[in-house]
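Take a look at the following structure, please.
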Amino acid sequence: MEGLKTVLEYTPLILKGLGYTVLVSAEAIVIALIIGTLLSVLRMGGNSLPSRIVKGIIKVYISFVRDTPVLVQIYIIYQALAVMGLNLSAYVSGVIALSLNSGGFIAEIIRGGLTAIPKGQTEAAAALGMSKPKILARIVFPQVFKIVSPQLTSEFINVIKVSPMLSVLAIVELTRTAQRLITQTYVTLPFYIAIAVLYFIVCAGLEEIVKLQKKKA
Amino acid sequence: MNDFIHVASISLPMLLQGLSLTVEISVLSIIFAFIGGLLVGYMCISPNKLVEGIARVFIKIFRCTPFMVQVYLAYYGLPSLGINVSAFGTGVLILSLYTSAYAAVILESGVKAIPKGQYEAAAALGMPRLKILCRIILPQTIRMIVPSLTGQFVQTVKDSSILSIITVAEMTMMTKEAIGITFSPLFVYICAGVLYWALNLVIEFISGRIEKKYNRVRI
Amino acid sequence: MADTQTPIISVKNMAKSYGELAVLRKIDIDIYKGQVVSVIGPSGSGKSTFLRCLNYLEEITSGEICIDGQTIRGISEAKENKKLNEKAAREIRKNVGMVFQQFNLWPHKTVLENVIECPMQIKKIKKEDAVRTAMELLKKVGMDGKADAYPPQLSGGQQQRVAIARTLAMNPEVILFDEPTSALDPEFVGEVLDVMKGLAKAGMTMIVVTHEMGFASEVSDRVCFMDGGYVIEDGTPEEVFKNPKSDRAKQFFSKILNV
């Protein structure tokens, strides 16, 4: 009971932490969407040597992103950016790390969506004289994004669920906020329970949206 | 160059030691999670609404909160419940519970994909429900979900890295230790990344072989 | 010939509905040992549902079914009926086999394994005995050459013949056939009907939901015409096909005979 009182005292700070969690995840998912789309377009290239090399690099990139822990990726990006002499804040490094990670997953989601578009559609557009970029921008991708919208929301949930790992870079999102308050107040469990409930509300809420999107599709 | 060789000679043995614990934790957790998933999945298809509800709540809680927060909750929560286990035990326990929520969903969707007639044919021949599930439904389900289960295994290997925050000496934890000695974080982290990558590629390769074997039998 | 003393299956006042939708309204029928009964009628008339109620793949809403001294009762009549029905169904299923439209062979088991599964698992028969019986049955349906094949490797007709052998392996007194040839390509219909004719000749009690009017008139000794959840006509093939009493049956026959 004491613990609960302490937690309630710090409600504004906790909510601020939640705000940062949502913000950092939203920024990451938007950049990831751009990265994922870009990777998908680059993967469409023909069989010329340069485009084969590009495709190979992308394949390796996606494989690495999907097969290694996000925590390790966060450390690598943070250290790599520092070694490159870029004087970026931990926050920016964290957003970049999450975006690069999620971008790999989104590229795969988009690839799945692309297979659902009949070839005849691009052929029809090409026969009408549309240029390739125009076909992608006006015919293909609008449909793909519609098809994969439930998966993209699920990916947003995933980003939120991995965002606590940014606490290792001392980014003051929800989990880091709780840790700070714990060292300050010597109350531990109630804070972790409180943030677990908040994460649950956000993620379970987003899952309802996924359900709605699936119903629409 | 000499620097790298020096750093590698110190850190690689440490990383490999961590890797073996990562493998151990992952294998234990995926086995426990499979058993747990069977149980929770079985509850999900129970005709008893209360039993089903309990299973659904379990799944929802574990799937809708970050694993890292679950790890902290288990680490600080278990002792206050009077349960004193090692960090390793806590890690395996929470990773198994978390993974079993996902395994249950995979199993349930697999079971639902089996045509109803498969069940009815066995029921019409007089087979009891549990026997139908074990001998007719489950063998077919498992063949179908091998890809998803391996995907989950890869995920479990990755999730195990988070146990480094509660001092389980798996590979990510050992990476930090090695960095403490060698002071070359980027290189050692990349080494760890490559090792995780290699491990998961091996898992995916083996899964591909298993899948092929099943597909050969079932034309 | 048919024993007309005591019915092996006796259905009284049976009704079945899904919520508001009544599928079977009132069915009264007695079936005797050795009879081959064809159940015909337009789709949606409740034929398959009727058959599936007999071995409790569907619950009945009201009325009762007596088979072999076991009774299944409507669940709307008393709460404890559900539990009692499940117990009765376990006994009934030992004596009543079923052959499905979609065969429903288990794809992860070979033909032989499909046939020996239940004798071994339920009747606890030793493997070599189960295999011997199974091979005899497979020979009877002309499938002994494919004992080690997996079901997806077989044609529909072959699968359905294996499904019949699988049912026979449990030594049932009655076999229910739920449109056994409807899912088959035309060239495979004959081989399955031949096996069924053989069973009929050997004196097996059979209830066959079918669209094969040829089979119904040649092989069965009794034809039931169902429509709208009732059995409207019930008699010998001669009576039902040549002199249907109801307009519905007349309409139905004129339609299918014109096709």
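Labels A, B and C are assigned to the chains in the order they are written; within every chain, residues are numbered from 1.
Everything that follows uses one rule, which is that a contact is a pair of C-beta atoms (placed from the backbone, for glycine too) under 8 Å apart; a residue touches a chain by one contact, two chains touch by 3 or more.
Not measured: the values here are computed from a predicted model.
Visitor: Using each chain's Cα centroid, which is most distant from the centroid of chain C?
Guide: The most distant chain relative to chain C turns out to be A.
Visitor: Which chain, with its centre taken as the mean C-alpha position, is closest to the global C-alpha centre?
Guide: That would be chain B.
Visitor: If you average the CA atoms of chain A and of chain B, how many Å lie between those two points?
Guide: That gives a centre separation of 22 Å.
Visitor: Averaging over Cα atoms per chain, report the distance between chain A and chain C in Å.
Guide: Distance between chain centres, rounded to whole Å: 55 Å.
Visitor: State, to the nearest whole Å, the distance from the C-alpha centre of chain B to the C-alpha centre of chain C.
Guide: 46
Visitor: What parts of chain C, by residue number, touch at least two of the other chains?
Guide: Expected reply: no residues.
Visitor: Using the touch rule from the top, collect the residues of chain C that touch chain B in their complex.
Guide: 55, 57, 90, 93-94, 96-98, 100, 102-108, 117-118, 121-122, 150, 152-153, 163, 166-167, 170
Visitor: Hey, which residues of chain B end up touching chain A in the complex?
Guide: Going through chain B, the ones touching chain A are 60-61, 63-70, 72-73, 76-77, 80, 154, 157-162, 164-165, 172, 175, 185-186, 189-190, 192-193, 196-197, 200-201, 204.
Visitor: In the complex of these two chains, what residues of chain A are touching chain B?
Guide: On the chain A side, the touching residues are 63-64, 66-73, 75-76, 79-80, 82-83, 157, 160-165, 167-168, 175, 188-189, 192-193, 195-196, 199-200, 203-204, 207.
Visitor: Give the list of chain B residues in touch with chain C in this complex.
Guide: 115, 117-118, 120-128, 131, 135-136, 139-140, 143, 217-219
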